[in-house]
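Labels run A, B, C and D following the written order; every chain starts at residue 1.
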């Protein structure tokens, strides 16, 4: 499909989805997120050929939340290689994002790095292997995004910490099972900061473009992950990126991706493009209501899925 | 990669994997399958451009077993459209292929059509909608494979029925939960026949080529599934095709596919090719030991995964 | 409390409970049971001192259903001793009577002999150890009840078999896990007959009097179980006799007992008496609504619980 | 049985069990408990008739640990009555003492007050209803024990807090599900102190004698719980007092009771006596190895069980 064709599809699908009643709900359990204007809706696409296009509120900052988990596992994988899979699995969980059931039967090894327990273990791995994890992680994100302005939002991080009983519970529970090496306080502090990263759709799309480019940054050609590692991160996003809606997202959209409770979604077409969508209201499974609908129509109309 | 390049990779990976000790085990619980020579090993690829190539025992018939579940759900989807998803889900199960746990909490709706419970419900759907389900299903498979010789193996079907306590248990249990409409005997008879289908690697590769061709048969161009439906079946195979090893298969191989306890695996690269591998010994999660290893090396060396 | 005191409490509690709206529901899934007049309500007590007393419909036959499981495990225990606990556990299940979850994690060993799966395994044990299990079991029950007229009801047995998908499922599932030695058909035929036993409240109270008499029949003093075995069967009824309401029954009533979906309950005060209650409508957890309420008031007013 | 008969049984069973190899293991996860001499073994019985008798190390202080949960729920029940059962259940859990699985499916309502999660909720209830919970709870225990010297052990409480990841995890998890009203720190501080109570076998036996005396203190006749409430606490100890060994303890011993990881067990024969046993090594399910064996032989030989 031509660039103009893609623009037309994006624009028409965007307006169609914007006109449908939004049945989603804001993530009310995090005080700061509950204050966001729920009407925001933005889309931004960046292709490996240099094509870029945005509609709606693509230039508005938002909290990327769990989308940052994909960046954390990328940095851990880059730093340690295959041994990280001894501490976190690569299988879909079949259960909601905050489930403790499988930790209990799997001796503290989370099913994958995209459920909360898995991301918490990834944070612990990074703390073990970086001198200044919060700074080095931020440097890493700024580098792949070619954007030194990207930053954590301390207000969001504090807001989450103040009500983060579930994640405190998860982290201490995994610690009791032996799969957290550092103090729960330190791990959680890193985790809550990670989730507080803020980006616009454009920035988010740029940040993830290396996964569409077989692991290398487009702007300087330098390798973030090698071809095989990049394949694996994309595969993980495909099978596990949307909690217990991962199967349905693959089924309807057909692209690897990752969502966050801030209403953001990043999706990647390996070899082609990355596309960021943001709309704050969430469906029953915690993924952006409009975001999922937009991407479903986008890949159906462009026939641009990987399947 | 050129056709010759693919041939070279297939040939060299085949010989490398053949030379590694095979740590798998025959599916001993089905008497007839336990009699198969465990040393068989064959591969066959068919591309949408007409390229074909096989190595090893690609011309030897074997029992495709659960691979037939992908054909059954295709026929059901073709016949009834989206309403089949009211009776069977599209999410990975996170549990072994024969798990009953989720049926209990999900009121008899199996997580996906590729675990045993899901395939049994698909059989029930087909019986409700076809006059002569065993004959019509076989006609369908013969048509997409362009091969009127394909057939069930009654010896295998009988062998499975004689020890099929688990599937009898599953079917009656789902019946008690209201998601089987016909008699368990009739449903199970169809199910055991379905799983007894026999093919060579070449035939298997031909049969699934329509899924690499966006839903249409290559030889006559006729549509089996439309573009969107084909995407969805491929996505389902990606997220659910390998039981509780689905995530790892996506991670290592990066192609949608389906395995069977006979040791066969079919994998599909949408828009490009279908590839069948067969080696009878199974790994701990019930998938062909050599088959998975072959495909992992194949996609790593050719860089021909979807991710 | 004097015999007259007990009579007064029974009579007054009976009329009080009879006057309260019955919020229970008939066990509608078994066609024959659904035909029973739901207004029946009877009570009968027999003490080891020879005191007997009944009110309401105590002389009306009803289907004792799962109450028979306590008789089956008694006969198996008597015949084989402690080795039966290798095939069925003695722990409360924490889940509804028909749960399959724990079978899966416990390799086919049911948690206790009073959930369906456990009773099915007990039937299998009896078939392995008796020449003519249906006849010998009936002879055993007639002997401890001193009543040669007691019998199975073939109409009920057939009715249950016709809709017994769940039990067929359970039995085949346990067979697949290796804890059923005979054919599922034979085991289920015995099981459905067992559950079809019919008794009046008076007969039921007489049948279980040996458990109040430390294991020996009152009328001839002969030992059915020894003192320690009797203690164990009573303890099992206390912790497991009421499915996932066992804790609440112990809490409110404070007597070991066993219920059936026919609306019958037998409760035993070791060293003192056995009391049978029957009222067909069941509460949400499958135990007689009026039966539980009667026994709760009875032990509270007489202070005659074991705790 | 005469008092002399009971003395003889206790003495002979004590020496028999003491001579058998102790296959249990110290609760190594709490540093301070791991330092205890594992050879300690003591027994003390107190009857409602004033009979008392002890053998072995009955006058040695030990950490009663989870046995204190029975005192905490007694005080909460006394203070609030039946409404406490809206926040904690009365059913056996069917799972180990620290399981999180059921919390997840039961929305934060622990199955019973004797698993850790349940005791943590009871602590929260007490904090909501007492001005100075730590002091008032201690006053309550000193009163029923008629012993103003009883006290917490701050060394043990600190030791548990330092490694209490599991309980921190549980408390925060329940908080996230809405069933903890105070701050997790405050609840856990109370919980760890509660578990640090120290008593000798004699003191433990005296403390629980009111449960053998239908709810009233023996020494002054004052009611702690009324007859019906006392029945209920005893019933709860019977069905839930020994984690996932509760069924087996009822089966083998036949008395309501409660165990702690310090190796103590209290058992109560309603209307007759309370008996405390202490031996630090634990069996696989976390209950005193020698303690369970002693009580089994004691009730078998005296025929003094409730069943």
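In the analysis below, a residue touches a chain if its C-beta (ideal position, glycine included) is under 8 Å from a C-beta of that chain, and two chains touch if they have at least 3 such contacts.
Protein identities per chain, from UniProt: A, B, C, D = Glutaminase.
The model shown is predicted, which means the values in this text are computed figures rather than measured ones.
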{"item": "Chain D and chain C - chains in contact with each", "value": "none"}
{"item": "Interface sides of chain A and chain D: same vs different residues, half threshold", "value": "same"}
{"item": "Most distant chain from chain B by Cα centroid", "value": "D"}
{"item": "Centre-to-centre distance between chain D and chain A (centres being mean Cα positions), rounded to whole Å", "value": "47"}
{"item": "Chain B-chain D separation of Cα centroids, rounded to whole Å", "value": "55"}
{"item": "Residues of chain B touching at least two other chains", "value": "none"}
{"item": "Chain pairs that touch, as defined at the top of this document", "value": "A-B, A-D, B-C, C-D"}
{"item": "List of chain C residues in touch with chain D within their complex", "value": "89-95, 102, 111-112, 227-228, 230-232, 234-236, 238-240, 244-248, 250-252, 254, 256, 270, 299-300, 303, 305-307"}
{"item": "Of chain B, residues touching chain C in the complex", "value": "99-101, 103-104, 165-166, 168-176, 184"}
